[in-house]
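These notes open a run of structures that come right after.
Look at the two complexes coming up: chain A is in both, with chain B in one and chain C in the other.
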Partner chain A sequence: MNRSLRKRMRLKGLIRKESLQILRDPSSIAIAFIMPVILLLLFGYGVSLDAKHIRLATVVEQPDTNTAGLIGAFQHSEYFIPVLYHTVQDAEIALMEHKVDGIVWLRNDFSDRLLSRKTAPIGVYVNGVNANQARISVGYIQGVWQTWLSSFSRDQGHDLKTPVMIEPRIWFNAAVNSRYFLVPGLIAVIMTLIGALLTSMVVAREWERGTMEALMVTPIRISEILLGKLIPYFILGMGGMFLSVAMAVWLFDVPLRGSFLALTAASALFMMVALGMGLLISTVAKNQFVAGQIAIITTFLPAFILSGFIFQISAMPEPIQFITHIIPARYFVAILQTIFLAGDIWPIILSNCAALLIMMFVFFGIIKKKAHKRLI
Partner chain B sequence: MITLRHILALAIKELLAILKDKQSRVILIGPPIAQLLVFGYAATFDLNHIPVAIYDEDHSQLSRALVARLRGSPHFELIDPLDHDGQIEVAINNKEALIVLHIGSRFGSEIEKGKSAQVQAIIDGRNSNTALLALGYLRTIVTDFNIEWFERNGLTGPPASLAIRSWFNENLVSRWFIVPGIVGLLSLVITTIVTGLSVAREREAGTFDQLLVTPLRPVEILIGKSVPGILIGLIEGSFILLMAIYWFEVPLRGNLGALYIGMFLFLLSATGVGLMISSIALTQQQGILGAFLFLVPSVILSGFATPIANMPEIIQYLTYLNPLRYFLIILRSVFLEGDSYALLLDQYFPMTLIAVVTLAAAGWSFRHRLS
Partner chain C sequence: MKTSNALELESVSKTFSSGNRTVVAVDDMSLKIDYGKVTGLIGPDGAGKTTLMRLATGLLLPDQGRIMVLGIDAVQNPLRVQSSVGYMPQRFGLYEDLTVQENLDLYADLQGVSDKDRTERYQELMHMTGLAPFTNRLSGKLSGGMKQKLGLACTLIHPPRLLILDEPTVGVDPVSRRELWSIIYRQVQDEGMSVLLSTAYLDEAERCDEIILMHQGKRLGQGAPRSFSQPLKGRVFHISAPAINKRSLSIRLNSIPGITDAIIEGEKVRVVTETEGMPDLVAYFPDDSNLKIEPAEPIFEDAFIATLGTEKKTRVPYDLAPLQQKNISRQEASEVVIEVKNLKRKFGDFIAVNDVSFQVKRGEIFGLLGANGAGKSTTFRMLCGLLPVTTGTVRTAGHDLRTASAEARGKIGYMAQRFSLYANLSVEQNLRFFASAYGLARKRKKTRIGWALSTFELAPYRDTIAGDLPLGFKQRLAMAASLMHEPEILFLDEPTSGVDPLARREFWLRINTLAESGVTVLVTTHFMDEANYCDRLIIMSEGKVLAEGSPAELKSSIQRPDLPDPTMEDVFITLIEYGKNTEGQAA
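Entry: the complex of A and B
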């Protein structure tokens, strides 16, 4: 038997052993297939940044046709649920008790000032605790006000000419549905967890049980052990990945504008990095206990907060932006959001894939080095 | 009979087991503090230096005045201007610009004639939240520009205007919303990693069976195992709280005592869930899996970043099982709205209930899940 044949046989044996281990303990299969489905179902429906159904207290001190027109504009908007209050004090209490999200207050001289063109003020109060939602709500209130203003002026006969009008064109997501960017981001976060969960305990377990030493006295090389562990988990992870993409497209109706091939290639690369991260944790940690702790701390929250999945990276202070470069999910979020919504924009896809490739080599380089050191 | 001596002995042993292991010690102290600093700065919805590319076909005095307003805003950063249509797609696709502002060639002359001039704002919608916020900033600038134009030409402005005030967070700083949330997030992570594997590890090593045959009663074991999680959670939680107040300068308007009752009940309920997972799991791998399956949905469906009110009703009901949901409400209302004990009773009660149920389940499965 020549050397390469022997090598292939050794690897085949190892893969067989790992695969059997996976099949006999169904928890890995559950992690790869059931976890993405459950998490994506929960989060895909649960996570949304759209401000819809904003509960708006409306206080009209002297109702007439003008105030009815403005309040009617809020009633017709899909973003608001107007609730009528008789005094502004009542509305303020409701705002404090979180019964409403904002107040629109038309004082009793509203129509007088409006008709005598003395600029009638419309009092708007919002609960600013959730600053992001408050900003978006204010934006929608401004939108309703502007539409009402131009139709009111037209009715009055003096056409109000606003000098500059903005005509927004939001590309890739004209309906500004936040789910379109959150679902691809969620796939990246969930896959980071799954990759790490699948592998972070495997090597640590073998060390703890002493079976790693047993493996080491056989002719098998360390790279073969790692490869033997990686291949079955890679196949499992990619299965979960395809399941997630299918759910994104068919369940959540996220448009997939790029090519399936680019998506698969980038996913495969990311899966290697995520598994590599798990293996690295597993190799560095002395035992499963510590491996588990490291996996929880280093994977979930960083992928959630620093990947650009929900918080825009370019809005972060520069030192923090720099730190985000060590989070693998960051690159995958950018790739997924682009492939899903914008299409195959190669400069973005390739530069992020290059970063993932570098991370993969770094991870496996360290693993190989650390795994050698352990025996000495 | 429950004796304090038994409990104390076990609690000290548990604490030592965690703190004597160097790797564990490093994991428990280093990352949460580092993460607080990084996340505190990273987690913001406020936008600064939004890259804008100007495509000005007019080059009139008015168009230059509008561009100057954008240049003067801290929210925007102008990149190299475009000079033909084809560049718009490239600038947006490659994320060089978030917004391309296209000023048509008749912009100046239309306004001088007293008409409205349309300005096209092409926005990268890959992150729709960012797109909406950026559009909001742009609208404010244009509104100011319009008012100035009205005034300079001696015209009256619009017949009605909005006087907007936001309560509790006047400048709408999203850090004030997020940083109190991080206090809850990190406390949860710390408690989960302290308790999530504590029983499972002993079961796998066989020492848990030994513990069961000692004179210690399950209740005593339960309390002894709960102490480290709560103690470490309280110490680190207090530190993170101090950082939120003094480093990130989030105003603390309410009663600190009300906050601490909330934190204690939260840690108690999180410890309960952690111990329950740990005592149901037969191996450490199952324990870790359980910890993840608790932690991840708890954080994402807590209202930390995305509001619970936006969720479908079924999922909203599910969040009632999540201790973090209540603690986040307490944190934010004490910090920003200045709430005190009475208003928070609705949050204390469900956490107490979760704690009682999960701790009881954990204690029960100590004995009933012997393999």
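Entry: the complex of A and C
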């Protein structure tokens, strides 16, 4: 038998073994398929960075048609659930007891001031503990107030005091639905999990169980051992990716504006980077616990926190922003959000792909240098 | 370069460093191993046997020296070495979630065996190992012996020219052990294979063509087993004394200067002396004990002990006096302290312990003998109340320890199979912790720690971190910790597993002394010869009790004209085969 034939036979044997193990090991299946589903459901339904259904205490000291109109406007907004309180003191207590998230206070001179065209006669309190939601709430309250005020003025037959009206127009995610950018970003997290965490742990398991030592003493080459891990887990990771994309598009109605081909290509590249990280960890960590810890701290958590998946990178302090440049998930999240929400914007996709490509070469370069067919 | 040796080492050294400690595993070693022979690598734990094998397979790089395997330089060309040797590491890496056939396929692929050769080779190997009926079983569900045979089959798929086996028979039942040996010998005879193997069983050394005795990374000797044992002619004896029980006799003989070793063998005590002839024993046995001294044929084990055991030997009679009791009255001696009835334990659909019943009397050494996976440890855990029983009853010291008070639990001591002390605490800190855990305080705590340090000769190591102790000392510390509260019953789960023959002897000397002082000892072991130390024992296999009785009773039960003086191993093999036959008839 010639050399290349033997080589093919060895690789085929390894891949078959790995595939059988994946199919029989519930934890691999769980990480590759069940975990993505749980994460997607959690982030798709459970976690929302939007402020919706804000419970708003409304205090009207002197009800009349004007106040009724304004309160009606709050009632019609999908963002608010107005609750009526008679005194501002009651409303404050409710705010402290977390029964409401904010207060809109219309004083007894509301209509007088409004008609005399003096400035805004409404008082707004917001619970600032959740800063993000507070900021959004204030914005929404202002929005409702402005809209009502302009329609009020029009009805009254005179122009609004405000000379310029800002009319915001939000692109790419017109409904400002956080799910639209969370769900695509999540794909990066899921692929990191399969590529880095799962792969480093299965290699560590081989060390723990002594199977690696037995493999090492066969005529196999180290490159074949690596390929034997790489190929099955690449397929598994891409499977997880396709599952996530399908759920994003069909379950969460996230628009996929770019091409599926670009998405697949970029994902394949990122998968290689993630596998590179996993295999690199496994050259250092030879037991599953250590491998898992390293993988979580160096790959999973950064993909979660520092990739721009949840937290805007441009809003981070400078030094942290600098660190994000060495997080592969950062580039992939940018690609994902672009392809899903904006479309095939090639300059962005290609520049981020270039960064991933460089990282892939760096990781595999180190692996090639570090991995050898020896125990120590 | 053409060599006439299967393996050749030339002043090879290998050092490991962990933290600030450096260990010289192989120390300037040179050796040659012939083609077509079975060479045994024998030595205590930490002698460097595994390191030597890993060096020979190119898995480790030597610090210095040259290694030639089948004429190939293992440092320059490890890949070529690996395609012509077969190596089975200590825990052979079978993929437990793959079936027998899938494991074989994998190794056939890795070794580049063509489809044509494969079918024939599979048949041959499956026939040889008796695994043919189990090809579709997950290898994780095979018994320990079958796993080892499968591991061996995997290494033999592409017949290697040199076969390297690291403790292939450890923890395996005697029947499988015998089969493994016959497979190995067949390879040597039929294929002209050369074999290098290490073993913890000294009786297996006799089966090798040649032995390399290793100690502290150095070669102490090399030659046929007889070349080691012959110089001991005239220094080995069997001693028996009708008036003294064999346990006390061995303890007393061990403390006599001029005697290197005294162990119970069958109903006699086997003694190795320092020089030819027996020292005068009259001074030690003044009460005319009617000692019967017969010369015995030396075996390799005697030579091993005589070579390595001298400096290690402890002369001081063990002072276990602070332990409560002494001479137990006749009435107490017949008191049943442990009673097990129809005990059964299931894990899912797997029956680990199946209908086990036995009784243990006060002051006995009671053994549970069986291979790995026979259900010994599971039985122990139920006796100690660590695991609920599925059905059946267990009374330990009159209580069901699952529901008993802490006070009742204070009557037992338990030493787990794996080292269960705190590896990053010092010896003394460990002892102090266990003393407190058992509720000892102040003066008593101090006395007991002092007792443990002196009795177990741990005083020089009191500040050593427990994790850094040699294995034998770890076992001593673990035993000391389990005795801090002076328990009435001591459970020892595989106390000698993985411990070298020297430490094993010493450990048994302590157990014997302990039993003489009145403590009831329950012990599990997979070493057949250790059954001789027990007063009574049960032999277990696959969760069932095959036989119960004293060693003498068990042996006489299988005595036949062609087997006048059976060993415990013979008993075990006979019972297993008898079981198979009756099963066959029933089916």
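Criterion: the second predicted complex is superposed on the first by the 364 of 376 C-alpha atoms of A that agree within 3 Å, B and C clash if a C-alpha of one lies under 4 Å from a C-alpha of the other, contacts with A are read in each partner's own complex, and residues count from 1 in each chain.
In this section, contacts are C-beta pairs under 8 Å (C-beta built on N, C-alpha and C of every residue); 3 or more make two chains touch, one makes a residue touch a chain.
This structure is a prediction, so every number in the text was calculated from the model and none was measured.
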Looking at the overlay, what does A:210 touch: chain B (first), chain C (second), both, or neither?
second
Comparing chain B and chain C in the superposed model, the one touching more of chain A is B
* Looking at the overlay, does A:128 come into contact with chain B only (first), chain C only (second), both, or neither? -> first
**Touched partner set for A:138, first chain B, second chain C, both or neither** = first
Quick check for you: in the superposed arrangement, does A:52 touch first (chain B), second (chain C), both or neither? first
Touching chain A in the complex, chain C uses residues 16, 54, 57-61, 78-79, 82-83, 85-98, 102, 105-112, 114, 151, 154
Chain A residues touching chain B in their complex are 27, 30-31, 35, 39, 42-43, 45-53, 70, 95-96, 110, 113-115, 117, 119-136, 138-139, 141-142, 145, 149, 152-153, 160-174, 176-178, 180-182, 193, 197, 200-201, 205, 285-286, 288-290, 292-298, 300-302, 304-306, 308, 310-312, 314-317, 319-320, 323-324, 337-338, 341-342, 345, 347-348
Per the touch rule above, chain A residues touching chain C in the complex are 1, 6, 9-10, 12-14, 16-17, 20-21, 24-25, 206, 209-221, 373-376
In their shared complex, chain A is touched by residues of chain B numbered 21, 23-24, 27-28, 31-32, 35, 38-39, 41-51, 66, 92-95, 98, 111, 114-133, 135-136, 138-139, 142, 145-146, 149-150, 156-170, 172-174, 176-177, 185, 189, 192-193, 196-197, 201, 284-289, 291-293, 295-297, 299-301, 305-307, 309-312, 315, 318, 332-333, 336-337
